[in-house]
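Chain IDs A, B, C and D follow the sequence of writing; residue 1 opens each chain.
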């Protein structure tokens, strides 16, 4: 059984993105599940294609999507995704949709299917502060989260976690950061908690 | 031979201060030096007395003073201390001096005697971003730094490092933080770099 | 014909709230409409009652709801409200709902019916920067916005504008602020733009 | 009798600098003094030459120097200048000194000779929050302040006020700002307060 974790390639002129750099710090297996790790393009047209392919090929029982939030110093678990593309910066292919829906005929917002409060309290137990966030933005992160919630079957837990800058970014440009090793520990906890909630339901 | 490291007790209504909590994570010995660890009161009258006592008793060959800077998410090494007390919040004894000199007949500012750039570049080598800061404020941190520079002999390297909030503070009140273990690694590097610079001079 | 503008009473221990202080700086009439000004309690139980009463008594053709956003230095027009109460601080009556819906059987989110982009560009023409925001939070502001969108007829434009701190708050506690007179100018522009859009539709 | 006010030309790739844009909003005369307004180059070599020329030609009885502080949303009056050039970004001529003194044989720091507390309390009376700052940075602003304090006779009040971004900058790039008209009012008050203090002394 597969659990899918995705990050994004670098964007906005940076050469590094913690959400993909973190993937190699995550375990290969957790609780009898294979952890499938994939890097998505920062490209509003091709990211959905790649996401659909990953879902089709791996048929994940859960999917945790990751992305960088530049001005948020704490890990944040998104509560909902909105049906809106409105890019302040162009994506890596130069596209810059404004005030566009992601999916026609879909609701304005879809709610995360990750066990938000359980993840937050497991983090706290391990000494890692984290927030619930009410907005995943209107860029690629929100797009991927919205599509995950629209495309995966209702019984498949999925959602989005925004990561803070890491040391590589803060060495390049001084800013608040969280060491990538701490971020990897937090994401592993989030995956384990999500898998536990799957098993609790199916048991 | 002794190297002195100090932190402060909690203040401003908080029950925790990373600058004293960090002390027990530091080694007891480094490069044939005993690391003397001491906690200073957040008290504009008694902190100088305790500082003078520590200098007299331990005769340190170097002194690294630590304090918390609430709104600075990165470690920062102070470049200079100013001859000024101007408290926005009262100290733990309720004193709140305003626009007062620390020492009469002393210069307006004294320069750090830590190897600032060397520490910063050792941090960078270990993947820890840090800044040089041009102001240690006008509270207890600046007072201790000014007195250290005024009282210790010119040949004794001394200065001040401001620490960011740690996970304990960020769990209590969401804010940018740096794990205390990363902070302890950074302070150990700063101590080692300072000791190396002492030995380089005396060799 | 009436246009309703509401602000909130002070909360969170402060003695001032720009969203109600601004009301007396707004005109009494605009474009042949009476501007009805009302102050809502920061009380999750009584604010809805007062809102329902205002809608019933004044039958507004448009409603612009205002609130303070403490850490946002720019005016922001909310894009959507979510069906969620999750208070970090208790309201003025001491209530602190967590992870509760505002209305059962209602959608997860409702979209603003103010002319967002027109207001933003009118502001820009007058030299006032403003943002579109993707989250009105999960406190009273979001609750009032959600109820306005749920309760007022579809043809009635309504939505929410978050105001930054003003000089009164910044004199009390140093922070980024926008002079209340500039805020009042911005809100008047927003009202006028909303009324123009109503008339454009009905013409 | 002349009072000199200076601002800087734009820098760091921006096309606007509130510290020079403000000059035309200031009065030509105040309290029987001519207000001499000048724009300095952001050029570590030529700014001092221009400053020396202005002092020589106009023989000011007081000098208020202005500059932009990008991440400070409130007006701040600098307490001291340090004898240090350390540029994070090159100046407009491409120079980027690091860890260099401004003047050899000069003290590490020089104290402002503006009536800091009086200006701050006059601002408060007019509803304008402002801070005293302990660091003017290590860029051109600090350089000009240091030279002003070193070169002008002791009896001539001089110092530096950092201005926040204005609406022009915030419309270009969303950020906290203070309307330029409010800034101009604040600077006029600072000039008047400085002139009053000169007259009080000479009376």
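The rule we apply is simple: a contact is a pair of C-beta atoms (placed from the backbone, for glycine too) under 8 Å apart; a residue touches a chain by one contact, two chains touch by 3 or more.
Just so it is clear, the model here is predicted, and its values are computed rather than measured.
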{"item": "Far-end chain from chain D, centres as C-alpha averages", "value": "A"}
{"item": "Chain centre separation (chain B, chain D; CA means) in Å", "value": "31"}
{"item": "Centre-to-centre distance between chain D and chain A (centres being mean Cα positions), rounded to whole Å", "value": "46"}
{"item": "Computed distance of Cα centres, chain D from chain C, in Å", "value": "39"}
{"item": "Chain A: positions in contact with at least two other chains", "value": "none"}
{"item": "Pairwise touch network: line, ring, star, complete, or other", "value": "ring"}
{"item": "Interchain contacts (touch definition) - all pairs", "value": "A-B, A-C, B-D, C-D"}
{"item": "Chain A to chain B touching residues, read off their complex", "value": "73-74, 124, 127-129, 131, 167-168, 170-171, 174-179, 182"}
{"item": "Residue ranges of chain C touching chain A (in the complex, touch as defined)", "value": "79-80, 82, 84, 86, 99, 107-111, 117, 132-135, 137-138"}
